[in-house]
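Should a chain be cited, it is by its letter among A, B, C, D and E, assigned in written order, with residues numbered from 1 in that chain.
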């Protein structure tokens, strides 16, 4: 913990210059032990449109990292790059490297499928499969070849419990997930992601389509999950970022403007643009 | 002006009780002179789902009235009711009355088409017709039978000027409006609405799809327009409401929770829910 | 639990990825089968017919001798037929689509019309031939004439046009609707000035695709009595006529081998017209997709 | 519908009146005639008629002939309602058809155009049959016979299933065969019989199958001499005769020679100068046309005779 | 901007102009009233078409069923109208055989093509291949007919030496080729409309493309896929020219695809173009067959609609 805050201090000092994150890079190397993912000089283009510029960012282990920024600044693009989901858009090109536990995920022999079992994802609007709750959660393990009923049963129960929805749904495991409320669906999706026991969980605005009560349930859950997982969460809601994250990154027009301990970033932004944004001057 | 603030004071006192707006109603009647529209006991259902509950609200003349509230609270529904656009959804049913300059717009002999020339509308995402800029702006006048070239020329010029986009576009009137940037498109749409010289202009999140610069242009424009028009603007951005509106209404779950002078509402909310919302406790 | 056999998961992954690759190859092969048959068909038709294709062939009508026979009368007949078909089916089809999309309220009757239209789309063309024979040839007393053939074909493709137009209308963003109505425009003004123009490319594409189905139809024309040998172009709606597929069918049914080649040449022309129509449709579609 | 369609011919005529009246006036001065002529009927007669209408075009470019081949019955279906002017047939009109014509007030008169030798053929791959007697034909084609294999007909022949290819049951060609060979008894049907209105279908069916047998108009055999073998037919103990131009015209190819007709709508002949003109042209040129497409011309006097008969209708 | 609002050269007031126009434009208002009625009228034409089809088929079928018992028609197993046997089973059997073969060809190929196009091919490839595949559906069926007869049958004869020239196999096979694009194109549409969110959900768990296809996309698109198959089958049932040309004209109650058969559609063509005498029982029988065919395809279409409606709300 101490190391992280030390590291962020450095970052924020860098944040005062125009190219904050690049300078930070070398120094951060020291803190590697605590980082689950490391992004170096990442650029990304959709065809000829550049969407991400020279991102350098280290994702700390077992912490909640929030990503904020106005619409279109590249938040979704960035986290989809972390599990190479962004490559579903065929025109995407990247440069730079992203390391997951010291392996470069862009390497030829690093399998997408493997990466994605390690780096799970929860999406903006709940996207359960049109199957039963049970089948939704068991989907991942089954894909990976687990067929035994008892093992699956156990995984499903554990994941639903971890997603704080077991009690609500334990009698309705056979019900179609489409019949659930939005908040329940989203937690089923989280359970589905947990079922393959990932290391990192990416969440892209997981509460944006939820009502306030469901939202606060998911927020509590996130707090709970960080005990076991490293979490990266995109949100357009600054209050949410402030409430639940340990560190916050502010993106603008594809650049990482500032990345710091959450409290520091909100109370003491180092970059004029961050300040403008969090005080609501635009966006 | 004095009258309005007096009226709002009363409203806000009412705001402390659970049924704030109903009590307010009688007292407001006195202030009629200054109101361009008057909403009384408005309820609205989509099929069997009630989306608006007992709304009472008076829209002041030549002022900017902002409507805020979390997603799905009925903001769009409400302002679409003001020009009866909501009736495009066939299952909609309403009760209560809305008066435009003392005529009930739900009256059988009150023509929708007439209402809509008086109460214009600007939409969330810019929606120009796939025609030239000129034809876009001339659309309204033409639809209402104005055919003379000189008259149309004049209307187009004047409207584009009023929408603060004449200088940018005066040489490109024949260009297809689809080729313009989002911000330009939105101002063309505003010009299009102005071309029939309406009395009231409804704007449903007019800047939500625009970049910060275009947004501030549109915001300035709104300030300008209130000299001649009464403006009602829906926004999910509280900062924006604070910046540009004279009065603000806060909707929640289809209810009008609080309606007051903008400064009062933000600095001194009378309802706990308003306070929670503007301090970012949900949404 | 998954983590326990990390190695196993990795190993399985190899297999799963390989299986994916193999199946992808298989899917590609399956796609090629259709394409291969298309190529084969074109190849055969070309090699059989190309020798008989000439300016004379294009400009002369049917004849009892293979060297003198040509496609002209059939081709113009087909084009005139298509003109009639297009006029009737587009007017009625687009009007129906507008009614269903913009005016009809959700009730049993509307639903009935909708179901009815999609059912009509699946009725075999030969049944339309019988309908045309009973109504246009006999009851309306048009005889075996251009108009009878045209109306029969128009009814045949009507459902296709209605469905395509409905889709085109539906894909006009609701925004444009609202924008126009928000200006105080009436419903019809909105439709005529905004929605129809915006839907036009979609409607055109649908129409061309429907017409390219109609231009190759043979069975209904046989039933409503298109002539086989006719030497003059129809000069009125009530004139006798022939059409390309009828000519081709007739030629291929003849004993001497040369007629097969004459038919081949006819098929080339028919396919050329068809491809021309299809590529216009694709062009319109692509242009349209870029726009919105 | 029938009454209504009765008017159709006159409607057609009315339609062409503007150009037609002009035609008739010029026709009297021996110049061009104009207007439509609708012809339909037998597919056997079709080639002759196609040949005639094609060459007639040069004679009278203003006349618009339209020709179809819906079979003899198909032609009568239309002509008995007065829908067409000429109705080709490879058989005589039937009583039912005559009755319908009368009901509709239509008078149809036959003209003979040529002879056809109904040809019984096998594939050229067939190396065992050369001739058949009428009796054997009956064995092969009659439903009441139990001959299934070629060996049932002649023990020297292989024990192979006989495959029959025959024209549609009610076609003129079939009718004629049915009348003179089968004596109106039903023909075999079922698995090993293919019936088709399209004579070319029959040709294709037979040429590839050494065990197939079928029959159709002489013209179709003439056009496929390479792949088909035509059989000599023997009546009783007489010498078998194969169809050819000579044997058909001189009557030695019996009983399978038959005349081919076109039936003229007398009303149309009277009122439409172009029909009159075309009928004359037909009778003057049918012999040549018939030879050209593989049929056999009538003796010259026969055409003249019919021409005189036709002229008498106009009076 | 200030200039704009202040420089109000208000020579006229737009709202006043509008007001004035409102008073005189009663024509527009009348149009507004009339147009929905006109549009409704047009929409009703499609209903009238169905009524017309029913009228046509029923009227003549009733004539037929007054001569032939409806029970014999649907229970009889022998179709030989010329000897008075009207059991429709062989025609239905022929139709089903052709449909079965076509389905066996088209469904796997079409589905696999759809999967390839929707999930594996990139946008460019899809944009090229899909329209090309769709050309297959637009090729006139006469062309397919001769392709089947002169190319596919000889090709199959290399493998199955005693395959007849007319057989259900090549006819059905080519019908199958023809309907591939219906299955491929419509299924592809259905798969395409499966929300990407579902795919992402599965990819996010480490699934391979194939697993996403099998376990997510196919189940989610099932209704669209089944509907496309049913529609393609209904097209195969109604296909006329290919089977008329290539599958023979032998009403044969068989499930041996190497034999010549006759479908309902082919019989209609045969009877409608042939020599059937107007008003004869055979003539009427073509309408009874047409009615049966209509009922068949109607059933298939309703089934397709039921399927796509029943499952549409899935996602």
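Everything below uses one rule, namely that contacts are C-beta pairs under 8 Å (C-beta built on N, C-alpha and C of every residue); 3 or more make two chains touch, one makes a residue touch a chain.
Please read all numbers here as calculations on a predicted model, not as lab measurements.
> With chain centres defined as mean CA positions, report which chain is farthest from chain B.
Result for the farthest chain: D.
> Could you tell me which chain lies farthest from chain A when each chain's centre is the average position of its Cα atoms?
Between chain A and every other chain, the largest centroid distance is to D.
> For the interfaces A-E and C-E, which has the higher count of C-beta pairs in contact?
C-E
> Taking each chain's centre as its mean C-alpha position, how far apart are chain B and chain E in Å?
The answer is 49 Å.
> How many angstrom between the C-alpha centroids of chain D and chain A?
Each chain reduced to its C-alpha mean, chain A and chain D end up 84 Å apart.
> Quick one: report the Å distance separating chain A from chain B, using the average Cα coordinate of each chain.
One centre to the other, that is 37 Å.
> Going by the contact rule already set, what residues in chain D reach two or more other chains?
In chain D, 70, 201 touch at least two other chains.
> Can you tell me which residues of chain C touch two or more of the remaining chains?
Where chain C meets two or more other chains at a single residue, that happens at 13, 16-17, 134, 186, 189, 252.
> Residue numbers in chain A touching 2 or more other chains?
113-114, 117, 143-144, 196
> Which residues of chain A touch chain E once you look at their complex with the stated criterion?
For chain A paired with chain E, touching residues are 83, 85, 88, 90, 113-117, 120-121, 123, 125, 127-131, 139-140, 143-144, 178, 189, 192-193, 195-196.
> Which positions of chain E touch chain A when the two form their complex?
122-123, 195-208, 211, 215-216, 219-220, 314-315
> How about chain C: which of its residues touch chain D in the complex?
Residue list for chain C touching chain D: 62-64, 134, 138-139, 141, 143-144, 225, 227-232, 235-236, 238-240, 242, 250, 252-256.
> Inside the complex, what are the residues of chain C that reach chain A?
Going through chain C, the ones touching chain A are 1-3, 8-10, 12-13, 16-17.
> Name, in rising order, each residue of chain B that touches chain E in their complex.
114, 117-118, 141, 144-146, 151, 154-155, 158, 161-164, 166, 195-198, 220-221, 224-225, 227-228
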